[in-house]
Structures are given as structure tokens and as C-alpha cells.
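The structures considered in this document are given below.
Same chain, two partners: chain A is paired with chain B first, then with chain C.
And then the complex of A and B:
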């Protein structure tokens, strides 16, 4: 930015300096409202979260929570709580299972949509609709469809002779978590479809023609052309979706509320219940701090995968 | 059409049917008489002579549905409008000025997406209780902004990146300030971007549940998603009423989505592809 002093026309250089200064001030003042808003509403609370997680004891008056003594008691309490480890296991199965199935479905549909079949555009809009529906409403819709006595799913299974009696999908310990994954997958696959489809469409057709000339098999073409083209975007959308499923509680809230007997209690829900059902802010924030570390790890893993695919 | 293409097409149609079935069944439950739906073997096709829309009217009588809707509109339009302005300015700044601190601020917006909402709620709840924002629309609007701004900012940056700098430089040579150039020359060209970000912001805040459930306590200020959830968990659920309410609650979102889908889809995919 050292421009003014060396020029022969001092006044002209002065205005140019002013121009750059003004630009710089402008650039910051444009981003500051958003950054300040997000920083005060997220990073400051984040600092508070860590601080509260290190405070031991209980106060009824939240204004005085920072007067409590410091210590790692909350972490000890959480890490020795079987309910916490249960929520970790539930989260792993819930996030991992939902994301794997969502990706399989999303990839399949994207490959089909890429073939430019009749009605392509309308089909694309239809498969995207679930994305626009609130998680709570979605949960309630599936609660009704999978209802044990009057649910249409049980009725269909009875008609087909698969099921002889009513089955309480959301109430039975063995099926509750899978039942919660169904609406979750239903909400997650559209964004994956969309991203993979866009990546597929950006792959040059000539690559396939060249591969045909060289006599490549379908599997080779998929591996070296298709997969190479969609790998990076896939990692990104998988990361965003996985983090979303890890964070959100809406669908679980709308269906099982964490039951039966904690079978569907994810880490997110565990934090919420500790904080707002039992008002144990210390242990809730301790679990939350662990969750942030997990989220950062998920982010790092996918970023590494995406970066590696760039150089291949 | 070859056999292979026909099979592909048939699979897609099947996927579309399965995808739409929950909506179909929700509407069916709302418009068919209770005995037709609450039966051991409900008919999958509607008996058109018995269709009734009474449940939709009943939703407004039995529950403060209108007040929920108005509250949802206040909160989602309020937070979307403010977020869109802030995200547009921030996105423009990220696109045109790329200094180190600038990039750091941009990255911090993205990292903020990693933090679970249930976790942000705890300090927000405590702070709001201390400064009097608990149980206010403003408090909820501010909380919703944290969800929308980060992604909307990067969406807008992607759109600004595709507009040549020469355009506003020309305007500035003609004597406009940078902000004037942004307003007069650039913004009209980013209408698709503003539409995409706007839809994204409205849909996100319209769907938001956990902030609204926790940061609002008085029933008069409750939003739709929280109202919907209050049906569940009672001893007996009036499914017909609930499905009518559910249908009403998703109609605005789906209309908005279908109308603006082209903008939204191209905007989000271009954002996703350029970021990867």
C-alpha cells in the first residue's frame, strides 16, 4: 500500500492512498455486521460453553453461574455416565447409518437423473421436496405412517402377509433407532442427489468417448471418470449432511423424543435434556464441548479426503 | 426408448412415488373421514364422495393455529430479511477484497456451522435471561440469524464472484462510489443469487424448532413448528387434526420451494461445487 511518497505528483498520490484506505475501510465495514453478529452470537457463547463446563456445583440463579469454582468434575461425571456412552453409540449408528444409506440412494438417483430421461426436470423437483419440509413435520408424518394400530405401513405389511400382528416401530427398542433413521434419510438424500448430479453434469462427455475408443469397461469408466469427477463434491456434501444429522434434534424430537429407554437418545438430545429438562448446565456443556471436538474431527476427515481427491 | 432407459425411468418414477407418499398420506388423512382412516385396512385411494375439508377449519378452531402462523411469519421473515442484507454485504466483501483478516472472518463464519444448536442454546438461554431477550421475537430472530448467515454469505460470495469487477469499476470511473456501484450495477445482476439465498433463509427459519421451543415460553408467541410438536406426546393424538395442521404448515414452504427451485438449485450447487 506504499504508493504515495515515491510519485512526483504528491497530491495525486495522496488521493490514491485515500482511495485504497477507503477501500480497505469499506471492505471491513461490509463484512463486520455479519461477522460481529455471528461472532457475538456463536463464538462468545462458545467461550461461555467451555467456561460453564469447567464450573462445578449448582446455582439456581444463572447470572451467578460464573461464580462457581473451577474444576473438571463435570467431565468426570459425564465420562463415567453410562447414559453418555449410550448417546455416543446411538449417535454413531444414527449418523453413520443415515449418511451411508442417504448417499447410496442419492448417488443412484443422481446417476439415473443424469441420463436425461423424459420428465427429468419435474422428477428432480419432486425428489428435492423433502428437503424443504421442517424436520418436526416430517417426524410427525412418519409417526403416523408407522403408527402401531392405525399406521398405513403396518396395514400394508399385514395385507402382504409379512406381518401377522401390529408392530410398534417407534416403541420397540429393536426398531426405534432404524425408524428414526427413515425420516432422516428421507430428508438428507435430496441434497446429496443434487450435488452429485451437478458434479456428474460437469464431467466432460469427451472423456467417456475417449474411454470408449480405448475399450474401457463400465466399471473402469465409473471408477476413473465418474467417481473421479464426483468424489470431491461428494465428500463436501457428505460432511455437511453428516454434521447436520449429528447436530439436529428435530426429527428425534418429533418422533420418539429419545425413547424408548434412551434407545434413540443422540448426543445432541442428551445435551438438550441435561440442560433444559434437568437444568444441569455444567454436564450439558461438558458433553457439548466433546461434541464440538467430534464435529471438528468429522470436518477434518472429510476435508482431508476431499483435498486428496483434488491431487489425484 | 431402449429397455435400459425405460427401466431407469421406471425406477425414478417409483422413487418419486415413494418420496411423495408421506405427503399424499398426510393430505388423505386430513380430508377423509376418521372411520375411513382409523381402520385396520385403510384404503389407499380416496373415496371422492366422502372428501371433507372440515379438519382444516377445525385446526383453526381447536388450536391457536393462526397465531402460530403469524408468529412463524414474523420470526422467519424478520430473520431472513436482516440475514439477507448482512450476508449480501459480507458476501460482496469476501468476493471483492481478499485480505488475510478478511479470509479469516469468512472462514470463522463457516466454522460456526460446526457448533450444535442445542449447545449454542445454553449460553444464549443464560444471556437472554440476564439481558431480557428471553421470550421475545427479537431474541429468537437473532438466534435464527446465526443459523442462516454463514451459508448465505458464501452463497452470495459465489454469485458475486461470477460478476466481472470491470462492471463496477466502470461505474466508479463514472463517479459512483463503490456502494453506489454495488447498489445500481451489481445487485440487479445478482437477483438469482438474492432469490436463492432468500429462499434458503426463509426455509431454514420456517423449519427451525429447537431455538423456538427453548427461547420462547409464552404460548401466545409460540411458532408453528413448536405448536405442531405440542400435538404429539399427549395421551391420544387426533391424527386427522394433526395431519391437517401438518399439511397447512408445509404448503407455504413447498410453494416457495417449487416456484424458486431453479434459482435455489443452481445457486446451491454452484456454491457447493466451487467450494469443493
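And then the complex of A and C:
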């Protein structure tokens, strides 16, 4: 007597395949309602945004949107508006500068916290505090810190003899954008620190020991072990942070409102102004559509970098 | 048996329907940014309580929206069909709302009431497409605030002309000592736009003249140079209206031009500082009105709700409640006649000053319909110009030419 796992013609195997297929169908049907819900929540608003952006005329009553003719007038208006291109440039500097400095600070603190120093656990908690403060609160907080008349920063500089008179950090065109970047960086670096720290702690110690035996320099160890280990998570957290800064409006709104004279007006603020100050929902959604494309591009770039990050 | 069943059914229906009939209420939604402002909130709460007591069939549901969010929040409400029945606006927002078709015509209701005959001049300007669409609740004019002690110590008299005002501001400023001749709004803020208009009008010109933009005329360029020189050099930069007022009541600036509501700020000054701070009529003409508050009804309401909304508006604007408004908030009401009793005037001389200057005031902002309909954009272009004047070395002519071309492109007047 022999024990067979199936019939000689393989029909048992076919039955097993059918069983897996049934399981697969069941799995898909179980997730289908949730998937449809998620897709509806993403695709329907996206369709609405694109639809409004293609409607010629002011859209102030969404129930009547389909009465308006279709066209690309809003896109033409946006792309020929110098303020739009100004907002693109401001966004590039604001997002790029904030993210680069946040990463440098976050990486530095993560490397420090990765060492076995006393009080590290408390320090990790303290590092998180800025991340927990809402953007608009942060904006108001820094508005007061950097206030020209009552701000503690000016008072400090005067006490140190660096300034002879109070300086309007948020009003001077040379310093306004940098002043807005300060609270943004302050809010962004904790998440970068924690992500990089987690990545650092997952790197096997043996790799460093082996490198020491091989006589590797500090730079070589950082490049081939540390950086190789943290590159993937870094790209991920940089992507999330960059997209967050790119779309957020609250810190800029709470500090400069986009001024002085559009010097800090990001694309998000441009959208806000078009929609809620000028009632031009069409151009606002046209810029919104452009922003979605830019956000997808940012996501794609970081994803490509992240995929190249595995240890080689 | 059948009769008994029918009787029970009728009785049952009666029990179910009776409470509904007894409590047939009209719920009136009312949007304002003032429900949490000291003074204004006290008055609104008192009016609403008294109105509900007198009209038990109407209840008012307050919708509080902070002023900074008022325009976007109301836009979302109107766009999504959730507009409040009654709303508070300021005159500067009136055109934007009216142009969208959001405000109901009120002429049939106003006809025959004292609003048609006894209201201050700005009431006449609350028309759009040939219909009156608002009722003026308050009618403000700027007041002049100065620190008598600072001027006395500097040996300077209280300014009595536009020229002496500018000279005094310059003489009082010692930037390194943190002392300034003037408190003004010098950051991205709508009040900067008021300042630009004020400096033009007090220099004897205007930004819009004979139905055309006038920003590049030599007179306006001179006025803007005066603004640049006076505000840019004699007021701390980077201040919004709150900080500007605080600097004045802290004794760091010697003069301030602002609304009559700043009186309540003076009252909060320290006991040492309070006697030094004076509020008076502006020492040069014309007296200027930046625009008061108005009450409006949404377009397209049911007759019952619109009737209740109108009842509420007339209640709040009755003579006694307008007197209470002035006494509680310090702002002159929409009624042209003086609502204060002689006893009130004796007890509150500041209110008499504010009332008198409001009645003499002329509108600060142009009344061209395209500007009113796009006031936020108009304001934004001029705010950019104001901030460039204060924070850059760009030539005044270039700044005003840019502003003029932006306005001509965005809000053509022809």
C-alpha cells in the first residue's frame, strides 16, 4: 500500500489549485469593499478637482458646476501669471532648503543618540516635542520669538551687542523666507531623527567590527556601512517630510501670510489665496492639479533613490 | 369597535403631533466673528437673549467663525449650500458677497422703516444690482490717539495739521532707544492698505480718480513718498494692529491713528500710563470712515426664515439697542442721529467724540463696483505695494506703476 498525495493523472493537484483559487477569490472579495471605499475617497475628489480646474468661469456653487463650459483657460491664466512662477521658486527654495537643513540636523542628532550616552532615552523624548506642536501654533510662537518689537530673539541680539536696533525678520525681504524656514525645520527634524536612529540601530555591529579589522577609515565606514544602512529609510522620511512641507500652508500663513510682497508665498498659499481671497476656484484647482503632479514626481524621485539603497 | 380604533388613532396622532405644534420653532442661524470678542460678544449675547425672550418661536443659533477664517469659511458654506440665514459683514466684504449673489434684497422690508430715512450716509452705499442688500450696524471713523506726556517732554505741541503730524512723528523718533513717533501696521495686514489710502486722501488726492486708477500720478507718488518716509522711518516695522496698539499703550510710540475701539485698549493701560494717553478727533480733515459693520440676510431663504431674520435685524437696530451698542462696544451705530443721552455724553465723552467724527466722515475706499466685487484682490495688490514701500529700496514710481498695471489687468474699471 502506498500513500499518494494525488492521483496519477494529477487531478488531485488540480483540486488543490482550485482550492487556492477559491481562497484567492475569497480574499479579494473580502478586501473589495474597503478597496472600493479607498479608491472612491481618492479618485472622486481627484476627478472633482480636475473637473473644476477645466471649467471656465467662477465656480462658487458646486451644484451648478456642470453648467460652465470646459476649457484650459484656468491653466493658461495660471501659467502666464508671474505670481505663480514666483510661488514655484519660493516653494523650491522653501521645501529644498528646509528639508536639507532638517536632514542635516536630524542625521547629526540621530548619530549622537545612537551612541551609548547617559540620558539618551530622555533626549529622544525631548527631540520629539517640536513634531507634536501644530503648525499654526508653531507659526504664532515664532512670530512672537522673532517679533521686531517684543521678540526675545531681537532682545538677545541687542543684549549681545550684535544689533543696535530691532530688526524686522519677517518683514525684510532678505530674511523673510529664512525666518519662515526656521519653524519649518524645527518641526521637521524630529521625525527624521527618529527614523534615521531606528535605521542606525538596525545595522549589525559586526559590520563595523569587520571594517575595523580591515582597517577602514571613518569616512569609509560611514559611506559603506552607515549610509548604506540608513539610505532607504532616509529617502522614505525625506519624501514624507518634503511632501508635508510642500503642501502645508499653516506655518507660512501664521508667520508672514505670504509677504512681504509675495516673498514667502508658496504654491499652497497661492492656491489658498486664489480660492478663498479671490473666489477663483478654477485657477486654484488648476494649481492644485499641478501640485498633485509635482507631489507624484517628488514621490517617484525619492522612491527611485530608496530602491537603490540596499547593501551591495 | 371600529369607532374606538379610529378614536385611539386620532388621539395617538394628537399626542405625537401636539409637542411638535407647541414647539414650532424657527431656528435662525447667525454667523459672526464677534461672539468671542469682549464688548462685542457681551452686546450680541444681550441682544440675542432679549430677542429670544420677546420672540419665543424664534431661536438664534450662533455660528462663530474667527475673522481670519471668515471669508474662506463663508465661501465654503455658501458653495456647499449651508449658508447662515443672517450674517455679519464689514463694508469691505460687502461687494465680494453681493457680487456672488449671496445677499438678499431688502428694499421691500426697509421701505417705511426708519432705516430708509434715519440712517447714516454709508447705508445708501449698501446697494448692489439696484437693490439694498444690507443694514448698517456701525459707522466708524478714525480717531487720533497720542501720548501727551511724551509730546510734552519733547516740547512739542499736539499736531493740528497733516504737515505738523508728519513733522512730529519724525521729531519723536529715536530708533536706537526703541522710541518711535508713530504706531502703525507695518506687516502683511489689511490695515496697511488703509494707511496707503489715508496718506493719499490727506495729501489731497486719491488712488482712484474720475473712475480710473490714479496710482502713477505725481500727487499719489508724493503721497506714497510721505507714507514711506513717515511710516517707514518712524514706526517699528513688522507690526500687526495688535502689536501697534500695544506699543502705544506701553508708551513706546507717541501717536496712533486707529478706530474708536482702541479706547478699550487705553482702559487696559497701567495706572501710571493711563492718564498720559488721550483719544481725540483727528486734527485734520477729511474725517475718514474705513467702513462699518453691516447685517445681511442670505439669498433664497424660505419666507418664514427670512421674515424672522428681518425681525432680528430690526430688533438689533432699534434705537435702544443701538444706544446699548455704542455704550458697550464704543462704536457709533448706523443711525445718523445721536443715540446718547446728555447723561451718557457726560459719563463717556469719548463716545461723543467718536459719534461726531463718524457723522462727518467720508468713505476711505473707492466705491467703484468692480473694486468692491474684488476687494480682496484690490487690497492684496496694494498691500504688496505698501510692503515694498516699507521694506525695499525700489523706486516709488516703479512700485506704483507695477501696482497700477496689476490692478488694470486684474480689476479693469472701464
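Everything below uses one rule, namely that the second predicted complex is superposed on the first by the 264 of 312 C-alpha atoms of A that agree within 3 Å, B and C clash if a C-alpha of one lies under 4 Å from a C-alpha of the other, contacts with A are read in each partner's own complex, and residues count from 1 in each chain.
Here is the rule we go by: a residue touches a chain if its C-beta (ideal position, glycine included) is under 8 Å from a C-beta of that chain, and two chains touch if they have at least 3 such contacts.
Note that the structure is predicted; figures quoted are calculated from it, not measured.
K.L.:
According to the stated criteria, A:213 is in contact with first (chain B), second (chain C), both, or neither; which is it?
P.N.:
neither
K.L.:
Looking at A:171 after the superposition, I want to know if it touches chain B, chain C, both of them or none. Which is it: first, second, both, neither?
P.N.:
After superposing on A, A:171 lies in contact with chain C but is clear of chain B.
K.L.:
Pick one for A:257: touches chain B only (first), chain C only (second), both, or neither.
P.N.:
Both partners.
K.L.:
Between chain B and chain C, pick out the one touching the greater number of residues of chain A.
P.N.:
The partner making contact with more of chain A's residues is B.
K.L.:
Once the shared chain is lined up, is A:150 touching chain B (first), chain C (second), both, or neither of them?
P.N.:
In the superposition, A:150 contacts both chain B and chain C.
K.L.:
Examine A:276 and indicate which partner it touches, taking first as chain B and second as chain C; both and neither are also allowed.
P.N.:
Both partners, chain B and chain C.
K.L.:
Examine A:70 and indicate which partner it touches, taking first as chain B and second as chain C; both and neither are also allowed.
P.N.:
The answer is neither, since A:70 touches no partner chain.
K.L.:
Touch check for A:160: first (chain B), second (chain C), both, or neither?
P.N.:
neither
K.L.:
Please indicate which partner A:142 is in contact with in the superposed arrangement: first for chain B, second for chain C, both, or neither.
P.N.:
So A:142 only meets chain B here.
K.L.:
Quick check on the output: what are the common chain A residues between the chain B footprint and the chain C footprint?
P.N.:
62-63, 147, 150, 257, 272, 275-276, 281
K.L.:
Flag every residue of chain C that touches chain A in the complex, lowest number first.
P.N.:
By the definition above, chain C touches chain A via 71-72, 75, 78-81, 96, 100, 175-176, 178, 186-189, 236-239, 243, 246-247, 252, 374, 376-377, 380, 383-385, 387-388, 390-392.
K.L.:
Under the definition above, what is the set of chain A residues touching chain B in their complex?
P.N.:
Residue positions touching the partner: 23-24, 26-28, 30-31, 33-35, 37-39, 41-46, 48-49, 52, 62-63, 65, 109, 112-113, 115, 117-119, 123-138, 140-145, 147, 150, 152, 155, 158-159, 186, 191, 194-195, 197-199, 202, 232-233, 235-237, 243, 246-250, 253-254, 257, 268-269, 271-272, 275-276, 281, 284-285, 288, 291-292, 295-296, 299, 306.
K.L.:
So in the complex, which bits of chain A are touching chain C?
P.N.:
So the residues of chain A in touch with chain C come to 59-63, 147-150, 164-166, 168-173, 256-262, 272-273, 275-279, 281.
K.L.:
Contact residues on chain B for chain A in the complex?
P.N.:
1, 5, 8-9, 11-13, 15-16, 19-20, 22-23, 25-26, 29, 37-42, 44, 86-87, 89-90, 92-94, 96-97, 99, 101-102, 105-106, 108-109, 112-127, 129-130, 142-143, 145-146, 149-150, 153, 178-179, 203, 206-210, 214, 224-225, 228-229, 231-233, 239, 242-243, 246, 249-250, 253-254, 256-258, 261, 265, 268-270, 272-273, 275-276
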